[in-house]
Structures are given as structure tokens and as C-alpha cells.
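Below, chain A partners chain B and then partners chain C, in two separate complexes.
And then the complex of A and B:
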């Protein structure tokens, strides 16, 4: 019997930590994440959860505490967002080097300046090369499940790397949806107690985070980190079957939505994928063979899984909800490089940038992406120039705002 | 079936809670639900929008509802607010509810094929709760309009959502009574599901560069042009017979809406007074009285 409840993405993240029976939660508030640590602290205060929560003086200290605690063999959970993740950035690279398998929830919020509260993925993708595993959630159910899966992956001896579970601010953090909470006993079966490797003990001293001044040692450990990260890909295949037999839901590194017989596939991540799926259904009802490929696991990057879905498609469009100024979307080149070696690679792979700062996307905009794929015709600047989603009504409102600000609006 | 309900209120009125009470009530009826608010970093009184989607199947939608079946306007002054534009996308065959003491045909809205319903839920809330908190009444109105949620489900959702806060059992009971009354006073409709289609033409963003693409504000000081006092529920009035010019009201007013004249008298800038009534509470000589305003400005 599954019991369903309505909960926000933030509540789902707190439940993930609670079900994982974490020992230690270093915390620092930031919108739209704060509800997660508030929920955890109220559970601890009421005696519903047995863990230590400490508020540090910054995200940098919070992540240092998280890594240090994890190296003692404690199961550690923490959460942040946007500027907070960037403020702790230096420690992300340290934590991965220490090989401490903690789980960090990032609630995506676009980066300042200009300052905003709504999501895009420049924050979490700034941590792309840190060595953290990354799982990106589409809905509130996945948040709970991904936290449990992340601890299993991170704590595996073949991996021993921390993980980020990403969820979109507002679109998930403050949105309530149906969630089936996994049964605590079954969770304990899936995710047993964590036994740290070489944990700090008063009786058994260990030196951790030792300095390595020779380049051959440095290279060796960096390669080890890369190979360990890749190990999480095959491991996900195995534990997702285990997860399914216990909870009835399975999670591969990618999700295929109507891709089997599709000619045109849109590649997306995170919560806006729901809007993409709605567009796919709509295009199908109009006779266009549309499909959507959602990347759940962004690190390690599931290049083979992506290639096997996209091989032989007529056209692919990659929706980046982020922008690398001077380059374009961040995920687009990764998709292209996973397809290049294919004999039957799609002829066109088009870049799209949209949803920056949580910009809402209409069905009209989504349809336009499929129509352009269908026509095989992209922007006048060439196939590598992204389609920047911005509607005429939005441009009008931008102009109005610029006028109020006293700026000269040309054209 | 997929019903999309959009709530428009002001920060502090309970728009987000309304969307959750409606969501919980529908969930209690065994339906699938998704609810969410959008708001910025603004203070009390700024427009807030919240959404409830209700379905008997999957909900393949997320975020802003562009084309609602039902719009609930919790504050009549929002009808004219360009940043809220509550009527946008309201479809033919849809329903508009406005919290107003006026009759539907007295409102200045012309929407073809839209049912307009009005009820003054502010006065009902003031009578039963003593406060203009509209979450319960708005949720109950929406539940009745869409016909798929029973009054019992609304009652248990009110208890569930408000019980998580710090409300006393008596206050929750009054909210239940308010929900019951609001539910009984509006009609119900049979809504057919319409396919969601939000149009939009992607246009080139244009060539802008350098400082033209910056967020600089060159015309400073123009926020004074935006009147923030249009949604008061009570208006303060100073009785100069009792006023001693002590300036305490001036010091306390959080909106700088209390102005000191050259003769030392405090004068209220009614275009920007938000009716928070702090001056009324703080005045040591009780020189400030309050009157209920149905429509400010």
C-alpha cells in the first residue's frame, strides 16, 4: 500500500534526509532553500528525527563542516542555493578530493547580478566540474528518491564521492505535488548504515586531506576521482533495479519520453521538462513524431545512454536553461560530443536557450522549437547560434521597463 | 478533467494559503493536485499570484497558469493593476470571481462568455475573524464554483492547512464557519476541460550592447509616481483637537506616509498610506480614528 501525500519540493528534500537517517546537518539559510533546514530543525526539536543540526556563519564554513563531519564516518546532509553554492565553491573541490560521500541539495536560483529569486541552472552547473555526482529532479517524487539513490551511489566503495541533488526553486521548491513516501523499513534495507572508510577515531589517528606536492601523485588522484565518478553510471543501473523492486519506481540516468519512434527529440533537464512533455503530447496530437529525452544524471555524464536514444533521429534540439556568455548553452556541446562518433548521428542538433531566471515558457514557444526542427531551419546566424526564447509580449514589457528606468530604447 | 484555478491577492491576504486549502480539499476528494505560488521579494501588499491545478489524471503542466478556467480576484483594486493583470488569458466559458460589494454588472469588466460572480468576503472575514484574512473564504468560493469539491473536504482542508500554524482552536472554528458561509453564498458551475494552449511568438532579442544592455536606472526618484495606498481596508483620520503634535505617528509610520507640515501638524498622505494602522495604535492621545474603506482612492 502506497500512501500519497501532497508536499512541496522543499518538504520532499527534508523527507529524503530524514529517511536517509542522516547524522549531521550543517546549515545556512538562503531563499528558496531555507524551508528545508527549517523543516529538519523542527523535526529534530520535536524529537521526530535524531540528528545534529548546526547553523554555521557562511556557506563556506557550512561545506567545510560538512566535509569534515563526513570524513569521521557520519552521514551528512546539507542544502543551499545560488550565491550560497558559489560562496562555498572552493570547498566543493576540497570535499570531492577528500572523497567524502555527503549529499548536498541545491535549490536552483539564477545568479546575480541582476538579482532574482527564480530558477535557472547556472548555479548548479558552476559545480559541474567539481567532482560531485549530480542528479537533477523533475518533480517532488524524484527529490525524495534521488536523495536516497545519491547516498547509495556516493557511499559505494567504488565511488566515494559527494553528490548534489538539484531541484528548481519555486517550480519545485514551493510547488506541492503527490509524493509517495518510501517506507522507513524498506529504506533501511536499500540504504544501510554508512560505514566510512578510514574514519577519524580518537583511538586510531588518520591523516586526511594530506598535501600532495608532486605532480605525478596529483595526476594519479585526479584520474582516480574521474574513474570513480564514471563508476557511478554502471552502479546506478544496478541499484535502480533494487530500488524498483522495493519501491516500484526505477531511475536510469536519462528518461525517455515518447522517443522510441520519434523523429524530433528535445533534450531537457529539471522541472521545465514537464512543460516540454506537454508540448510533445500536443505535437503528437498534430501528427508530428515528437519526443523528449530528459537527463537525470548530469555527472557522471551518461554519454552512451544519450547516444543510443538520439542515434538515427532526424533532428535534436537541446534546451539549455543556463547561459555561458560568449559560448552559449552549457549542456549543448556535451550532447553534441556524445553524438559525434555515431555513424547515424542526427543531421541537426540545434541549441535553444530559455527559462533564464525562471522565465515562463508558453506552448507557443515550445511548438516553435519543434516546428523549426521539422523544417530543419534554424537561426539566420547559423545552426550553432541558439534560439533565445523571448516572446513579443515579453520584449514589449522589457521596453516599457527600460523606459521607466530612463534608458533610450532603440528600434 | 483538468481544472486550472488562478488566485490573485495581495501579500498578507492569504492567496498562497487559499491555493493550498483548495488543493488539499481536492486531494482529499481523491483527485490529483498541483499547487504553487509566485511572489518576489516584495513586502506586504504587493500582488501575489497562486495556482491550483486539479485533475483526475496526470498533470503534465507546471508553473504559471496562462489560461485559467477560474480566476479568483481577492482584492478588487487588482483589476486595474497592470503588474497583476488578473484577467489575462481567462478563457471563454471560464469563471471570474471578484471580492466586491458591487454586482457583477457594476464592475468594469467586459469579458465575452465569462461568468462573473461577486461576493464581499472581506466584510465576512472581518465579521467572523476580526481580520481581513481571505484565504479560507477564497478557497471555499473556488471550491463551490468548480463543483468537484464538497464542503466537508473544504472543512477538513481548512483544519489541516491552518492547524499547521499557530492558530487557536477557536480561530480555526471561525475559519471553518467562514468557509461554510462563503461556500453557501456562491453558485456552482459545470466546467468542461479545455486544452491548454498559451500562445507566444518568439522574436529576436535585438542587438543591444554595452551599457544599453545594463540594469541601470537613470530616472531616479520615480517610484513616488507609483501610488501604494490603493488597497487599504481601513483609513486613519487625525482629530487635530486631540493631537499634540508629538510626532510619534511620524516616527512609527513604516511607509513614510505621515508628513509633518511647517506648523508641526502631522498630515497623512492618503495616496501612499497602506492602512497598517500602526499610527492608530501608537498615538498616545488617541487622536487617530479609523473608518472602513470599501475602495481606497
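And then the complex of A and C:
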């Protein structure tokens, strides 16, 4: 195995599963995730990987099989996107309740209707409150590494929750990047064999996922899940330390990019952060002290780490690549609430919404966000009203399409 | 016949119990009796995979009356849960991570709402993949646990919480029962049968026979439901017997590509004798007899048995012939 390989995000996800020596892969095709299960299927059929892949008849069934196999003591991997994640939504909540430490890769794709292909994060954020741990990747290297870290976190007895590793469709799923594939022996050292908790065995009958008719008990189990999720946050430091000593790369819950002396910080997630980082460098060359904070771990939410980076900054802008109609961005209020208790909280936290359905973001737009923070000028509706990114040339193209569709377009 | 010898009379019923007394289900529940008998036939090394329904009340934390394992999944996907467990056990045995002694029979147990309606896609998926599992559908012909609303297993003429007989709908349910046996059969499962605790030996023989076969082993058990059907709990077996003797509930099996009726009444009893026992059909008799609806129900039964007797070459006396 070459130490450095050029591979797509989807191939990186497949490698993550292979290196984790997963036993079982329930699958169902959906663009842009399909290349992951195709790759795994091919490896298994050619004897390169000792696992079983079963194609189910829906994502709902796929996730049920995934949870059931994990409850039986198998290490389980699966993948989906968008509509598939929503189709299986009921089971996301079930299999977290079953406390099954499997890993699900979600390749982000915006939601119907209208049906489309390119990414935003309404899909993965719809799973925000399911109890899954969530790690969001910026690049192909992170995909491999996050899958390995996720198994360690998920399978820890203090956690025992499934994890989602999110990567952007198209921008990451089909983009080739250099990836250093961890050595299989070292991975085995980092991630030992999975030893399930109370698996189904003839010698030891066990009832799982029994109904609970006492609200006291129900509350207890829900609080317990919350605490277990938070445990993943405190464990990440140690586990990432072990990972770094073996592979030379470390991952905190957030990534700080030139934030130390920054006055203006842009908060982002996922692959578009790469554009944000470039804008930071450009702003710095113009003498603006810009920085970027990338949220790697969205669940559990690293509120303290975010607060410690953003405390004392002059202004913060939160870039949401999603929209909650009637409210705004989904991540924005989480950032604000993690800052509110600070004495020296940033005076302004500006919301930005962009990149919906994969709409491109230019360097100019990124720079504009920093300029606006710098000047303290936000939208006419006030500092808490989101800036909705849409360039004039994009508006013109929309108008053209509306006209073709027979709509009367007012100028 | 492979192993019918194990059960010749009801005295051959295994004495071993895998379900201890005490659970929150209704008195006289026919479904519970079917599950208990099924368990006796299968033995103790079982994991039940359940979908939402009355049986979900069997395992209420921290109690379970079962001496075997249990997984509640969701309404629509118990067969997919069976897939995950079966596959995991197989691959862990193959990899030498667990001993074959730890193997379990994987048994889906659901009501008709899950089997006929919301979980049908998941079942057909598992059958198409030739999953080695058992499916026991206890069919009380409605959504019993939610208060007896119509399912696609509800017969024509039955009242339910959503098919109330009214002036505009005097017969109650206007739809006809889905033929799940034929739907399941279309996928050519390894074994498929209808079973009733009221014909205990037939029930046990079928389960026993299926245990020798690998692949999907599917069972539909029509079961009495005192609360939903409206009868005294002590009458469950009496009513189930009437269901069989009137020809409402044919007992049959499908194996090696052939359907065979395993119990054929010499002469059908008039279906009214069955319908009269239950308040869900009361509107067909009072305040006035609904002759049209009663005729439709009887004709459906006659037509079914006429076709079956022709296909298999058995004799049966129908009603009004």
C-alpha cells in the first residue's frame, strides 16, 4: 500500500471502513454516496476485505439491519445521503436508543423538493438531535481519520452511541485529493476488535429496546444518552492524542485557523471552509485581522471550545450552509448560545446563509463578509437578520429560467 | 413428510414453557397463545424481532415473560432487524468469534398491521434475499393495540374504529381482506403456512416441518381478539374453531412450489355461526339482517373452497349447494 494516494472523498470513506475492519455493511444506493458501497462491494467480492455487504430495500431497513447487527456484536458501517437519511430518520432515533456504536457516512446533498443533487447541510442537520455523534469533514484525509476516530469514540463504554461522519457531495465525494492511508497494523493498535455489550447469544438471553411505560425511566434513559454524548467530547482529547502519536495528525472538536490574534472570525463547517480559509489569508494580506473557526464535531456540541476561541473577538460571522425556513440558519443560534454567558462575548454575531443546493461561493463574497464585519455594517433589517448570499449574475440566471418557465419577472 | 411424527396428538405438546405467566396483554388474547405455542415448537434458543403491535407490550422494562431474547425494532422494519441479527450471527460464527452453540433462531413476530401494511416492503425484501428466518404474523384483522382501527387484513363487513357501520356504509368495512398468503407466496418462500392454536397438532407439525428448512419460513395465524372483536375472553378457542369450520380461515401450507390444505372440513358450517359470535359483525344482524352483505361474505368463502377443492382434488360440501 502506498503511503500517499490520490482518491475521492467517497473512496476515502470506503478506505475508512476497510481500515476499521468492519464486519457488516448494510447498503442502499443513493447519489452521491453510491461510490462508497460500490467500492466496498468490489473489495469484498474480490476477497480483499473480510466483511459482508447486504443491499437492503430501503434506507429505513438498511438502518434497522445496521442497528440489529451491531446489537449482535458486529462492527457495522453504512452510508447514505439526503433523502435516504430522511427516509431512515425513524431508525436513527431508534438505533441511538439501542446504543449501537456503528458509523454512518452521510454524503451531504440538499433536500427535495425541489429534488437536486449538490450539497447543503439540511440533511445531516435534520439528524442533529437524534443522538448520533457528528463529525464533519473538510477534506479527504479527514474522512478516513474521522471514521477511525468515530469508531473509537462510539465504541467506548462511556459513549456507546453511533456516529455520523459527514462529507459534502460532489465538492468532496467526487474530488480527488492526496490521502495518507494509515498503516493497517497501526490501525489495529489504535482500534482493537469490537467487543459488543450484551450481544444476542443463546447462552445469555437479553431483551433489548423494550418498551418503557414509566416517564421517570424514559427521562432517565434520555438524560443518560445526553451524558454519554457529552462523554465523547471529553474523550476526544485523549483518543486524538493516541491517534496523533501513531499517525501524526490530531483532531480537536474545532479547528482554529489564524484565530489567535484575529478580530473578525468566520465560523464554518465542511468543505466550503477551504474557501473561507483562503479569504482569511487574503484579508490578512490587506491588514485585516481575520480568522476562521471550523466546527469539526457538531455533536456533541463543543460549546466551551467555541467560547474560548471567540471570547473577546470584535465580530463573528456564522456561515450556515442550510436554511430553517421561518427561523434562519441552524448553527447560528447554537454559536450564539455558547457565547451568551461570556463577559467579553463578541459584540456582534452575524448570520450568513449561503451555498444552498451547492451554490458556489466566490472569494469576493467571502471577502465581503469580512469587510462587513470589519465595518460593522450588516443588513438593513439589523445585525441578527441573515445575509443571504446571492450574486447579481446568479439572480440574472434565475430570472432567465423563470422567464422560460413562463413566469412574469418584475424588475 | 419429514418430521410430523413428533406431534400426533395434543398430548405431544411440549411441556417446557418459554413464556412465564404474567404480562400486560388482554385476557383471552389469541395472539399470545400463538406466540406461546410457536415458542414451544421452536425451543428456547430464539431471538424475537418485534414490530409495533400488541406483542410489543410483552417486554416492558424491566420485565419480560420470555426466557429467550427480544429486540423491538420499529413498525415497518422487523424483517430488516432479523436480517441484521442473522447476518451478524453467521459472520461472527464464520470468523470464529462466537461458537455455533451461541446460534439463535431469528423470529419476527408482528401483528397484521405490520405484516399486511407498513412492513410488507421489508418482508418481501427479506424473502427475496432468502433470509433464513421465521415470521409469525398474529392476525387479529385490525390495528388492535391502537383501539381496533381497520387494517388491510380487516374482512369485508367488519366494523372497526375507522369503519363504523352508518346509514351510508351499512356493512361497515367495504374493502376486502388482502390475501397476504398469496402476496408472500409470490416470492416463493422456503415455507409458508397458515396456523391456528385451535388446531394445535396441525400448528406444531407445520412449525416442526419448517425447522428442517433453510430460508424464509412464514406463518400467518388468524387469532381471536376479545377486546376488538367483542366476545367473552373464554371463547377465544371456540371462535377460532368456528373460523376454521366455517371456512373463513383455511389452514394450508406452501412448500416446494405447491399449496396444500392441511385441514379440510367435510362440510362447511354457515359463516353466520361465526359472525354471530362477535359484536364487530352485530350490525349485519341487528336491527335488521343485511342479506346482501351476508351473501357476499358466504359467496367469497364458497368461491375460495370451490377453487381450492378443484386445484387439489379434495371433496368439500359448500353452503347452499
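Quick note on the criterion: the second predicted complex is superposed on the first by the 409 of 411 C-alpha atoms of A that agree within 3 Å, B and C clash if a C-alpha of one lies under 4 Å from a C-alpha of the other, contacts with A are read in each partner's own complex, and residues count from 1 in each chain.
Criterion: contacts are C-beta pairs under 8 Å (C-beta built on N, C-alpha and C of every residue); 3 or more make two chains touch, one makes a residue touch a chain.
Please read these numbers as outputs of a predicted model, since none were measured by experiment.
Student: Putting chain B and chain C onto chain A via the overlay, clash or fit?
Tutor: Once both complexes are aligned on chain A, chain B and chain C fit side by side.
Student: Scan A:364 for contacts with chain B and chain C and give back first, second, both or neither.
Tutor: Only chain B is touched by A:364; chain C is not.
Student: Quick check for you: in the superposed arrangement, does A:211 touch first (chain B), second (chain C), both or neither?
Tutor: The answer is second: A:211 touches chain C but not chain B.
Student: Answer with first, second, both or neither: which of chain B and chain C does A:184 touch in the superposed model?
Tutor: neither
Student: Applying the document's definition of touch, where does A:60 land relative to chain B and chain C: first, second, both, or neither?
Tutor: The answer is second: A:60 touches chain C but not chain B.
Student: Can you report the vertex angle at chain A, computed from the C-alpha centres of the three chains with chain B and chain C as the arms, to the nearest 10 degrees?
Tutor: 100
Student: Mind working out whether A:342 is in touch with chain B, chain C, both or neither, as first, second, both or neither?
Tutor: In the superposition, A:342 touches no partner, neither chain B nor chain C.
Student: Just how close are chain B and chain C at their nearest CA atoms in the overlay, in Å?
Tutor: So the smallest C-alpha gap separating chain B from chain C comes to 27 Å.
Student: Using the superposition on A, tell me which residues of chain A are in contact with chain B and, in the other complex, with chain C.
Tutor: Shared contact residues on chain A (touching chain B in one complex, chain C in the other): none at all.
Student: Can you list the residues on chain A that touch chain C in the complex?
Tutor: Going through chain A, the ones touching chain C are 23-24, 26, 50-52, 54, 56-58, 60-62, 64-74, 90-91, 94, 200-203, 205-214, 217.
Student: Could you please specify the touching residues of chain B with respect to chain A in the complex?
Tutor: 20, 23-24, 27, 32-38, 40-41, 59-64, 66, 195-206, 208, 212, 215-219, 222
Student: Residue numbers of chain C touching chain A in their complex, please.
Tutor: It comes out as residues 45, 47, 49, 56-57, 59-62, 64, 66-74, 76-85, 87-92, 95, 97-98, 101-104, 121-122, 124-125, 128-129.
Student: List the residues on chain A that touch chain B in their complex, please.
Tutor: Contacts found on chain A: 6, 31, 113-114, 117, 170-171, 174-178, 271-272, 274-275, 277-278, 281-282, 358, 360, 362-365, 368, 387-393, 395, 404-408, 410-411.
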